[in-house]
Amino acid sequence: MIPVKKIEIIIDEFELPSLLNLLDQAGVSGYTVIKDATGKGDRGVRSGGDLTRVFANSYVLTVCPEDKLDLIVETIRPILKQRGGVCLVSEAQWLIH
Amino acid sequence: MDANLVIGNFLNPPILFFFLGVLAVSVRSDLEIPPPIPKILSLYLLFAIGLKGGVGIAASGLQLQVAITLAAATVMASVVPLYAFFILRRKLSVADAAAIAATYGSVSAVTFITATAFLDKLSIPYGGYMVAAMALMESPAIIVAVVLYRLRSSDRSGFAFSWSELWRDAFFNGSVLLIMGSLVIGILSGEAGAKALKPFTTDIFTGVLCFFLLDMGIVAAKRLGDLKKAGVFLAGFGILLPLVNATIAIPLAYALGLSQGDAFMFTILCASASYIAVPAAMRLSIPEANPSLYVPMSLAITFPFNIIAGMPLYLAVINRIWS
Amino acid sequence: MDANLVIGNFLNPPILFFFLGVLAVSVRSDLEIPPPIPKILSLYLLFAIGLKGGVGIAASGLQLQVAITLAAATVMASVVPLYAFFILRRKLSVADAAAIAATYGSVSAVTFITATAFLDKLSIPYGGYMVAAMALMESPAIIVAVVLYRLRSSDRSGFAFSWSELWRDAFFNGSVLLIMGSLVIGILSGEAGAKALKPFTTDIFTGVLCFFLLDMGIVAAKRLGDLKKAGVFLAGFGILLPLVNATIAIPLAYALGLSQGDAFMFTILCASASYIAVPAAMRLSIPEANPSLYVPMSLAITFPFNIIAGMPLYLAVINRIWS
Amino acid sequence: MDANLVIGNFLNPPILFFFLGVLAVSVRSDLEIPPPIPKILSLYLLFAIGLKGGVGIAASGLQLQVAITLAAATVMASVVPLYAFFILRRKLSVADAAAIAATYGSVSAVTFITATAFLDKLSIPYGGYMVAAMALMESPAIIVAVVLYRLRSSDRSGFAFSWSELWRDAFFNGSVLLIMGSLVIGILSGEAGAKALKPFTTDIFTGVLCFFLLDMGIVAAKRLGDLKKAGVFLAGFGILLPLVNATIAIPLAYALGLSQGDAFMFTILCASASYIAVPAAMRLSIPEANPSLYVPMSLAITFPFNIIAGMPLYLAVINRIWS
Amino acid sequence: MIPVKKIEIIIDEFELPSLLNLLDQAGVSGYTVIKDATGKGDRGVRSGGDLTRVFANSYVLTVCPEDKLDLIVETIRPILKQRGGVCLVSEAQWLIH
Amino acid sequence: MIPVKKIEIIIDEFELPSLLNLLDQAGVSGYTVIKDATGKGDRGVRSGGDLTRVFANSYVLTVCPEDKLDLIVETIRPILKQRGGVCLVSEAQWLIH
């Protein structure tokens, strides 16, 4: 097992394609997405999207080596600033198989 | 205003199911149509109405009258957001004013569809090409509103704006593409296609519409709460602007020589406000605008107003003028 | 018991699809109806049966007979959970006994719907007001069971219990509201509404029911495993209580002067057990009760028993008594 | 090749909706059929085609001819993967060759269904037992391919392989079970069942198929990108192998004395490639094989080729030979 | 980035409205919900809910400053005690944007 | 609250039954599953599954006491090795209720 950084992002479903693009640009080795999240934050309740997807969130998890963290965080910071959302970073161990 | 029209509309199953949805929310029932079913029901409605429109056009052919009507529809969809914007700017930021203007310049397919059910019940015919008018009216307001926004707004923080993205989103969003595609397929496949598809697109149509309006009632009632923040100005706007638009649309339809059915559909298009295609486009092009304003306005005020009071009102006026 | 009835019921497509679902689980196939489709199918069935009932009532009018039947239905729905509770208390905790009593006092809309398909196939008519009877029978058992539980149980750890929540949940849960709403809409919209909706609510009904029972077969077979823990007492209860209820319901229906079709529907209502509305209500009001008991009992024992053996049995008895 | 057939096929609504789906992806529209709707549409199609087949068999009875045709279908489904495997081995690993061989040996129910719509439009009859042929052809190729893989592959890292799992998966996967089950139910429930189900299984069938092919167009166009990696060899294989299979199937059908409609359905079965049942089976039994090869080949090359060019081509050849 | 506490709760879908109410009362700044979770725990397998939502779980994530943790945990403890479910707390960094 | 190990696994939806079996064998006290995840990794984009479930991921969360971690990790390592997927381990506190 090797130590890694776990980055969790909650963002509007609409911004998901842009965010994944940015992650790719920052050179992440992969990511996992769970759509259909709902929630509440500074912009009020986001009750999920059906007819209009405007109020739906997505949850994105990406894991990277420690030395890539800064690059990734700085790459995604502007989109969070402009479009809202949350980003959390924590420590984890990656199982090598 | 003809009382029979009002009562007849009230007792129409789709409208009654809309009220059932509202009732469910007000008694805090757990009745709901789980996602993604409402989405698929709306796709079905677009599909069915597009095909019916195409079959109608194939049967009647395209005349000059049709071309003029389509042009008038496009003009209305471009002009409404202009005056809407300047009215809204008195109270709102550039971003919010532009987004709401786009919402009211564009059209609501479900209002259109509910209006077709209303006419069908009264056995008033309308031309298949009105579906094409609807499809043409979805996009111009988006473009106009974004142009207004970019001219008037100073704050353009960071992210690159892409006109080509905007055009694509305006003209090839899911709703527009599905209606237009179904319309063209309806024209191409003609009589034989129409016959094979009739049980799916026509026979079960009213039933699906009831189900869908049940969901619309639930969603509209839920969104109504959001509007408390929006205040009286926006709530009033959501009722008065449709009336203004109808006041322009009805004489215009008369001048263009439309039949009563077509005039009614034209009016309902001008009076309706988008809550599927435009919110999506606004989120991408005017992210500063607050969706908690423009979504509930069109969904919880203008949509119910149009299908409950607007439809019989517009038709009563048209009946009086045309006769 | 008439062998033709049994065989005819067996060869009815909805019943056969139920068996196909059971078969799929027993050969460990990956056949499944993905969520939320079963939910929407069940909403469709409630919607359709409600409208049909309403149209039926509009056609026949409401007579004294009807009022008496509805009263009898409400009484049965309140009495069954009482004796069920005291039987169950011999082996179970207060919470579990109350929850299972509610389950059996209330009704299963899908059993009712399958029974209508059974009668339709035999061309036996039944009154639209039986749908109202079904809707009325959903809630009383919930109230009775919760009262029993609150009287008999000492353990009331922590969380505040709200009677108003309970009433709301009992009378305005999604199923009750949708059936009642559709029934009223069916009455209000009358002949014209019925005609417009018939292709959706009547023509495709049997097909949707087949699909739904396929899912019921899968779910019932999966839940059967849970019952191993429940033991013979509860499995036996799941078959004997419906028989007891039917034994009370049939003479009562005879005494009330119901027609054979109505008597059959009344019996199936009394004999059926809820697995949609009641579990939800119990989870909120009697959280100590174990849903792994009351859900599989009604879903994997009583439901299959009623639609496979119960329906032909009850009808055979009724045929004999009435003739 | 008859130009009328080609054009008639092109103007068939289901085919046109397939193109609409492709168009949606190519203009980067957000049009999509949200999951799990495509899944349920495919279940509906299997259900409907199974019942129709069963009713057809019940009406015509089972003759020797039928047994011979079913045997021939099974043989073809076992032989195609053999020669496909050895062709593919020239360029690919054992695992990939075996998985693609299974894909092309098995059949595509949606291609079959689209072909029935094609025949229906031309009023050419076909036997209900061809549905049984389809169901029988789903599984043998899976078994043959896994046997080839296990004989030829040395790398068997770790995980235990279970033949019984494989057999279960091949013969009781969801598609096979639903078709076979519906077929048997169609036979058992006969005339009365057919009549009750017709509005659901037959009347709305074409409409649902249009909707489903809209989704297929979207999915196929999206998957086409994956194929760039696969290269010209695999893309060519995806077109040539169906042609080879058809070249064997048509004379065989003639020799067996099939009618034109049955010969056409037999040919389309041999020419089609699986993308639902086989990928699932391969993922479990040959995990080393790359699904990004076999899924897009059948979905984005062979499926469109068959429904657009293959169907009119095969029928033109059959018309010439039979007349 | 500022250090925060990440609270993850898995609870019956039925209890979700009550839980979110409690979180609001405890003054969280926001939360994210993923419905349609399944699982296994002390009360056996919870296979997800369709017709009867009785066996469905929900996943809730809420992030708070360290000094709010105790209040939140004590607010939600009773509902977990009575109705079942799981609550996990871990360390994370919140990206300020 | 007691310290525990949090194990997150992202795996093909097809492998989910096998994985849960292995977790049961390793004696976990429970787990939570979120189906319908999508993602990107060494095997390319996995866009989720509809008609063919071949490209769908699942997210699995299981919490265990520290001393069980090794057993669990070694039990699931082979399936990740052969079938692909990701496993992350991190520290957390479990709320006792």
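Every chain is named by a letter (A, B, C, D, E and F) in the order it is written, and numbering of its residues begins at 1.
Definition applied: contacts are C-beta pairs under 8 Å (C-beta built on N, C-alpha and C of every residue); 3 or more make two chains touch, one makes a residue touch a chain.
On a predicted model such as this, the values are computed, not experimentally measured, just so you know.
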> Between chain A and chain E, which partner chains are common?
Replying inline: F
>> Applying the touch definition from the top, give me the chains sitting in contact with each of chain B and chain F.
In response: A, D
> Can we say the copies chain B and chain D touch using the same residue numbers, with more than half in common, or are the two sides different?
Replying inline: different
> How far is the middle of chain D from the middle of chain E, if each middle is the mean of its Cα atoms, in Å?
Replying inline: 46
> So how far apart, in whole Å, are chain C and chain F when each is placed at the average of its C-alpha atoms?
Replying inline: 40
>> How many angstrom lie between the centres of chain E and chain F, each centre taken as the mean Cα position?
In response: 20
> Which positions in chain A touch two or more other chains at once?
Replying inline: 34, 36, 81, 90-91
>> Using the touch definition from the top, which residues of chain C touch two or more other chains?
In response: 35-36, 39, 199, 203-204, 280
> Can you name every chain pair that touches?
Replying inline: A-B, A-E, A-F, B-C, B-D, C-D, C-E, D-F, E-F
>> Residue numbers of chain F touching chain A in their complex, please.
In response: 8, 10, 34, 36-42, 57, 59, 73, 77, 80-81, 86-91
>> Help me check something: in the complex, which residues belonging to chain F touch chain D?
In response: 12, 14, 36, 44, 47-55, 78-79, 81-83
> chain E touches which residues of chain F in the complex?
Replying inline: 1, 4, 6, 20, 29-36, 63, 90-95, 97
> Any idea which chain C residues touch chain E in the complex?
Replying inline: 35-36, 38-39, 42, 157-159, 219, 222, 275-276, 279-280, 283-284, 287, 291-292, 295
> Which part of chain C faces chain B closely enough to touch in the complex?
Replying inline: 35-36, 39-40, 43-44, 47, 51, 168-169, 172-174, 177-178, 181-182, 185, 188-190, 192-193, 196-197, 199-201, 203-204, 280
